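Beneath this line is the structure, given in structure tokens, with notes to follow.
Going in written order, the chains are labelled A, B and C, and every chain counts its residues from 1.
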Amino acid sequence: MTLLLKVENLRAGYSGSEVLHSVNLEAKDGEITILIGPNGAGKSTLLKTIIGLLTPIGGKLYVNEKDITRASTAEVIKLGISYVPQGATLFPSMTVKENLEMGYYTLSDKGLLKSKLKEVGEVFPILKDRMKQKAGLLSGGERQILAIGRALISSPNLVLLDEPSSGLDVGKQAVIFDKLVELNRNGIGILLVEQNVEKATKIANSAYLMSSGNIKFGGEPAQLTKTLLSSVFGE
Amino acid sequence: MGCCNADQGRAPLKLLRVESIEKRFGGLTALNKVSINVEKGKIYGLIGPNGSGKTTLLNLVTGVLRPSAGKIYFKDTDVTGKSPHAITKIGVGRTFQIPRVFPELTVEENVLAIRRKSISNVRVGEILDLVDLSDVRGVKAKTLEYGQKKHLELARSIALDTELLFLDEPMAGLDKSMIGATSNQIKILNKEMKKTLVIIEHHLEELMQLTDYVFVLDHGQKIEEGEPDAIRSSKAVHRAYFGE
Amino acid sequence: MMYFFAYAIYTASWDLLYSYSGQLSLGQALPFGLGAFFTIMLTQLLKFPLVPSAVVGTLGAAVVGGGIGATTIRLKPGYQGIAILLFSQVLYWISLIVYGEEGLSIFSAAPPSRMTMYFSGVAIFGLALFATYLIQNSNYKLKLLAIKGDNLAANVCGINVSFHKAVVFFLSSLLAGLGGTYYAVFTSHVDFTVFVVPNSFLPIGMAIVGGMGFLGGPIIGSAIISVIINILPIWYSLAVTYFIYGIVVIVILKLRPTGIVGLLQRRSRKGSSEVVKG
């Protein structure tokens, strides 16, 4: 397995306060890597830094050995990484189709767009039926699926997902997790931030535990024992 | 399980009666002839897939929306269509799924601004202790973390001293440790403060352990109601969430 | 000096509405001008004595201003501001049509002496200060700030949002009307130009400079701007004067949005007591 994403001693934060303190993480090509930890640990901050929305204070970021530490979001996307932020941020007055097209915005070969739309429709039939519907009128679960579809349209090698199951009922959560496994089987790498520890560890190849801006554990999901988890979640 | 009434032989008090409530938004029927009864002293669950109408039902009962048809009674008083502040004064409180705190007021001021006259300053301090916000009482609410904001909303609800309290996804977005804290707070609200609770939730396992009785909605209709064990094993409920 | 009293209470009326209840008025000249017009109308057309005219005129401004404001309560602040602005322009045209360019002047009664004006100015100024002080240190302030923070949450927490918003609008119009009445009495004149749009933005500029939400903010802001507007024209043209006025407001807005009072408060505090979570 080649190394797809490498995070090295990363430090990052927001106007004056450092949230990530020397974070080390690896996401291997074609694997599902999960990142779990309590609220405020810095998981969302890490994803935002990787995708270029935040500039790191220190440390390095590599994609396939290429240094992306100071790269802009558009550049990172062109290298094959997609991002689904928490809360399914969509363009509510645009249609499903237009939202999906926005995911393709930074790529130059527009000729492929049509076939990409068809592909995403096949992965998520629920979107295929609603192409002309305004995104703002979709239900919560459908919105989340659209957000993931939009991230897929650029044929990424790695998708960063920030709590995709948050706010969804158990049925839709099952659908999301099934789809993630299916996508991974087709070769797409996944870096998944989740609060749903049980469901996430079931599908993970590799797991990281984060707390207060530091990685407390990185390795086999099976090694995430109850003791390890309680030390971080403080039960 | 049953109501804790000092009077013997009295049937449990029907605190809230929702009768055949309907809500239509243009061509969309969000709620279709839904009826529920809430008895004093119990903890109720209100569950169902996304979009089933749970929050709409909550908004109707608390006066945020007007029903298209049907009636709502609190302790035999018709509260259908009354404004939210009137309904709160009558005895029905609520929290929001995404917490709505008063951002520029401090934690303490958030509670002081709305407390009932019966809540003393000492009591305000106790309430803040209960929700683990004593340390940050002088901090502006907008700087709080998500989980703390949810606890502040809960503190405000307690300071409103309502008999009936609706909680809209109190555990949404919380990590494991805060979910545990929330469960404990819910138990205290019911057992010690004698509040009747109706909880909308997606964290089904935790909810089933807390509740005495559960209502299930799907696509705007009540498809099932019963005790947690019955709901767990109900085929209709499973079908609503997972499809055929 | 008289201008200062009028502007101080005028600015306080706007600040009360915005900083305490979150309602935006982009047409505060409406109650201000109504106070002026009603007072002069009563004393000139109905031949009432000066003092009762002033009182009734102010109350009239409060009722009409508060009433108009009450219709805008359910609008979002931006739309509400524009709605009131539009209402003030309606009054602009009505007053122009009815009283023409000459407007109304007080001929019947002799203007009160300077001393009387001065003392009454101090009196109403003190009244406005006192009213603001009362609100600042009461639980009512918390209720209003809650309304300002989140209308729906306040409603759900048992606060009758619509009622209190209307009450504050009435109070704000009362204060603005008082300012307008005072202005009309010491200048002995009012015309349609009292409703011009820049007059509605005057209290906003003054509140920004002085510091919105602070007790002394409107006072300091109106003092500074009054000085600029009344003294600078001695040396410079009106155009330059108003240019400088505009620059001052923009500079304060950019550098110290909390205004002069905010600046002074920051200086006296050691450091920020807020806890910022990552």
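Following the convention adopted for this analysis, contacts are C-beta pairs under 8 Å (C-beta built on N, C-alpha and C of every residue); 3 or more make two chains touch, one makes a residue touch a chain.
Being a predicted model, the structure only gives us computed values, none of them experimental.
Peer 1: Using the stated contact rule, I'd like to know whether A-B or B-C comes out ahead in C-beta pair count.
Peer 2: Most C-beta pairs in contact, of the two: B-C.
Peer 1: Determine the chain that sits nearest the middle of the structure, using the mean of its CA atoms as its centre.
Peer 2: The chain sitting closest to the overall C-alpha centre is B.
Peer 1: Can you give the whole-Å distance between the Cα centres of subunit A and subunit C?
Peer 2: Their C-alpha centroids are separated by 52 Å.
Peer 1: In angstrom, rounded to a whole number, how far apart do the mean CA points of subunit A and subunit B lie?
Peer 2: Each chain reduced to its C-alpha mean, subunit A and subunit B end up 32 Å apart.
Peer 1: Please tell me the distance, in whole Å, between the geometric centres of subunit B and subunit C computed from their C-alpha atoms.
Peer 2: Their C-alpha centroids are separated by 43 Å.
Peer 1: Give me the residue numbers in subunit C that touch at least two other chains, ranges are fine.
Peer 2: 276-277
Peer 1: Name the residues of subunit A that each touch 2 or more other chains.
Peer 2: Touching at least two other chains: 40.
Peer 1: Going by the contact rule already set, what residues in subunit B reach two or more other chains?
Peer 2: Subunit B, residues with two or more chain partners: 145.
Peer 1: Show which residues of subunit C lie in contact with subunit B when the two form their complex.
Peer 2: Within the complex, subunit C contacts subunit B at residues 139, 142-143, 145-146, 148-150, 152-162, 273-277.
Peer 1: In their complex, what parts of subunit B are in touch with subunit A?
Peer 2: Counting only subunit B, the residues touching subunit A are 47-51, 145-147, 169, 172-178, 180, 202, 204, 240-243.
Peer 1: Under the stated contact criterion, what part of subunit A meets subunit B in this complex?
Peer 2: Contact set of subunit A toward subunit B: 37-40, 139-141, 163, 166-172, 174, 195, 197, 229, 233-235.
Peer 1: Please give the residue numbers of subunit B that touch subunit C in the complex, ascending.
Peer 2: So the residues of subunit B touching subunit C come out as 62, 64, 83-86, 88-89, 93-94, 96, 100-105, 109-110, 112-114, 116, 136, 138-140, 143-145, 156, 160.
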